[in-house]
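In the two assemblies presented below, chain A is common to both, partnered first by chain B and then by chain C.
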Partner chain A sequence: MANQQPSSGNPRVDVEYRRKKSAEEMRYQIVSFALMIFLTLVAFVAVGYDGFSDWFTVPFILLLAVIQVIFQLYYFMHMSHKGHEAPALFLYSGVVVGAVTILAFTTIIWW
Partner chain B sequence: MQAEEKFTYETWPAEPEKATLEAKNKFLGFWFFLGGETVLFATLFATYLALKDKVPSADHALAKDIFEIPLAFAATMLLLTSSLTSVYAMYHMKNFNFKKMQLWLGLTVALGGAFLALEIYEFNHYVHAFGHTFTSSAFGSAFYTLVGFHGAHVAFGLAWIITLMVRNSKRGLNLYNAPKFYVASLYWHFIDVVWVFIFTVVYLMGMVG
Partner chain C sequence: MSTYAQKKGFGATLWDYLTTVDHKKIAILYLIAGGFFFILGGLEALFIRIQLAVPNNDFVSAGFYNEILTMHGTTMIFLAAMPLVFAFMNAVMPLQIGARDVAFPFLNSLGFWLFFFGGVFLNLSWFLGGAPDAGWTSYASLAMASETHGIDFYALGLQISGAGTLIGGINFLVTIINMRAPGMTYMRMPMFTWATFVTSALILFAFPPLTVGLFLMIFDRMFGSNFFDVANGGNTIIWEHLFWIFGHPEVYILILPAFGIFSEIFAIFSRKRLFGYSSMVFATVLIGFLGFMVWAHHMFTTGLGPIANAIFAVATMAIAVPTGIKIFNWMFTMWGGSIKFTTPMLWAVAFIPSFVAGGVTGVMLASAAADYQYHDSYFVVAHFHYVIVGGVVFALFAGAHLYWPKMFGTMLNETLGKVTFWLFLFGFHLTFFIQHFLGLMGMPRRIFTFLPGQGLATGNLISSIGAIFMAIATIVLLINVIMTQVKNEKVGNDPWGDGRTLEWAISSPPPFYNFKQLPLVRGLDAYWLEKMEGKKEMTPAEPLGDIHMPNNSFVPFVISLGLFIAAFGAMYRADTSWGLLVLILGMAVTLGAMFVRSIKDDHGFHIHKEDLMDDDNDKGAKA
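So, the complex of A and B:
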């Protein structure tokens, strides 16, 4: 394959750079993991605590789930990296179809 | 760059998961599949939401009767942590460290296995303590289909990762298997993505009422 060329005549330079890059990326991963754990804890506490009304709790924990999934997709699954335009198209197409389905199924039971 | 070529840490490409044509196709094709999986699980969620607590008579247990915080929380922590361990595995894959990648994949499998064992216990508990079965009510059918489908994904993901680990145990890393490991880890993360919505929509919203 011609599309992966070493970018310098001295591979050691690249290695140093890459090691630094991946260590940096790993730090982001740890931070996202900590945030995901935190969001999970908040969601469980919000449900375990009786002081909130259900009209607050349900949208609140759904919002926490969406934020957590964004971290999972963009950091753990690397969607924040370059070259993920097609994956984003596929995934969001799926999300749109799925959202319409859920909307249809939850509104059909109102009557 | 040939798939069978021997690499060293110095010559290992920066994005091994997309370094060959086959890898590029795999990457694209797998994300297309994940788009389809999103629709699959969305329809199961839609069915569950429509049929939640739809039981034939008052003596059937409802969501708020059967779900408990400790069990759902333990399962969530297991799966969430297994997602992080597979991130570590891919970090070592990119650094061309085969042994450490295998080690972290092994941890991922262990955590996934614990999750699955907990789920089997959970289903068994619901059947025996509440008579909540697949055929007892529409609620039961929708619940076991949604959560069971997710559990089947976990089981499949475990079998997949174990197969990759065993098949490549003596081969080491190359551009033939690096994309395979990468795609399997994407699958594993996706299982966790689905679980985030299951613990929120099924368990937490079930306990709220």
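So, the complex of A and C:
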């Protein structure tokens, strides 16, 4: 009810284990951060380079965007951790509803 | 000592309600506001039926008829049915899961005030140049051509109240996910809580498309954009899709809580566990899911093409399957039960055939080829009134009788309740059954009059007579409410005697903190289980301790008021010099109030253990 941190002051917390977990977490975050910067650079190059046709560039950078969103959700917003099942469910339901909408708009309204 | 037991003056009570964050009081606010709009929408319905009672009638002009018709639909869906459903969800759901309030009490109050100001804004259109007149669906091809500010009132008003609804839905979701009492797993949640859960998820996904559509309309009408302007490359069909992507889930947002209320009633008054609980849960979730895949059945005649029509027709018919599962489960719940025909139970029993009739015409409408004949005729009007009145409104009446003691501590008079029921049931079928045939005979919907000799006169007269019965039934209910509150005979925890779920384990109305100690839930129908073991109360899941409660706040009212002011500014910006100023002023009020809320720490307060123990000796103390 009040702002309680469930673990603070709990004598049974295994500090050693915590520390190891955090270090591991940190490593993942740095790796994915580097990857995200790299992907952003790739996107810029893809758009800047004249040799690719738009039919390649547009889907390609969209794909990169999707990968970035996944990194964001799983490594920075801790979606992979336990206790995130409900947010994940709602997120994916939202994606499905959005996708159906876009599919319908592109197939039966515009083209 | 407990100060909250003191009698308060009118001013203090009013201030209490303006600032309350207590889910039980917010429920009462929703009930009063929703009830008010229900009566308003009902009066509009009566005017419609008077106008159509005889051929060539000139009770109202054609233009005014359009306004009344539009406001009837809009008011009933957005300002009556939705808030009344929210009233019961607020009043009952937190109690059913054994929580002390919703997850975000402040947002709960904000949701109410946004709805309220949006509704007031919409209805002020009557006095400020004319109400919206393009139907509750406000199709862009019509709406863009409407000359008064009516459509602007519609778009801005619904935008504000829609924000409130969205906030409410998210709040319920978080509450149900996080605040269930110890032992209450998902599969031990009462059916009404499940309905609230799925409904809230539908709100979460369905309201954003409406928001987008309304913004496009606001921009087109007030800020010079061309989303729906065909001459400038826009497309009016976009509005229809966005509206129905919202609109079809919306009808399930209304009916699922109704299903929830009836599930509780069938179990309570058959004195039996709900038959097929897990299949009920499954059916509810499936209906929610399928509800998003069928919106184009409202647009079969728009020219989507045969493939799209076929897909949406099949998807629509599929919804009848989970709905059928539920109907059979309710009947099997009654089967072999020891049934008590109380007022809520009468509504529930009458709901089954009425709603099934609506479902059957729904499947008829879902066959795309046949719908070319039915579409935009009175057949559709009959269909949706059978599902919405026979489903949702019946549930609201039933819920009002069932939960009145929990909300107000008094019992509505059973005899008057049954009078209301029979009058309404009779009037309802008299009004709407004949409309199926009027539709098949070719009467289009939304027409303001018809000619003698078209064969429509008798049917319409019968229909109008039926409406009078429903009006009288509603008046009897109002008399019942007033009588009950004047008599003010308080009842105990479980006034129906057969309560099964947690809300019946605590006093009526519950103290403002609901549960002194959170209850331990040992199965479905937690309170019933304890009663069957001869206990009078729930086993507590925690020792008696201090309870943390949120403070009241006037900020939600101010935030909503700001948007209300800003809406006037947006509307009059183009044709007055002061419009822009008012828009900025209103936004400043809203943002200022939000800023105050953000920087001012409000930690709430604690009720101390000693005070809670005092309450034990002094049972009369109520919130």
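General remarks:
Everything that follows uses one rule, which is that the second predicted complex is superposed on the first by the 93 of 111 C-alpha atoms of A that agree within 3 Å, B and C clash if a C-alpha of one lies under 4 Å from a C-alpha of the other, contacts with A are read in each partner's own complex, and residues count from 1 in each chain.
Going forward, a contact is a pair of C-beta atoms (placed from the backbone, for glycine too) under 8 Å apart; a residue touches a chain by one contact, two chains touch by 3 or more.
Just so it is clear, the model here is predicted, and its values are computed rather than measured.
With both structures placed on the common chain, the touch criterion links A:86 to chain B and to chain C. In the overlay built on the shared chain, the residue A:73 is in contact with chain B alone; chain C does not reach it. Judged by the touch definition given at the top, the superposed model places A:101 against both chain B and chain C. Of the two partner chains placed around the shared chain by superposition, chain B is the only one that A:26 touches, whereas chain C remains out of contact. Touch counts on chain A: comparing chain C and chain B, the chain ahead is B. Shared-chain residue A:54: touches chain B; no touch with chain C.
Within chain A, the residues touched by chain B in the first complex and by chain C in the second are 1, 86, 90, 93-94, 97, 101, 104-105, 108-109. If you check the complex, the residues on chain A that touch chain B are 1, 4, 11-12, 14-15, 18-19, 22, 25-26, 29, 33, 36-37, 40, 43-44, 47-48, 54, 57-58, 61-62, 64-65, 68-69, 72-73, 76-77, 83, 86-87, 90-91, 93-95, 97-99, 101-102, 104-106, 108-109. Note for the complex: chain C touches chain A at residues 100, 173, 177, 201, 204-205, 209, 235, 237-238, 241, 245, 292-293, 296, 304-305, 308, 547-548. Remark: chain A residues 1-2, 86, 90, 93-94, 97, 100-101, 104-105, 107-110 touch chain C in the complex.
Residues 1, 9-11, 13-15, 18-21, 27-28, 31-32, 34-39, 41-43, 45-47, 49-50, 69, 72-73, 76-77, 80, 83-84, 87-88, 91, 94-95, 186, 189-190, 192-193, 196-197, 199-201, 204-205, 207-209 of chain B touch chain A in their complex.
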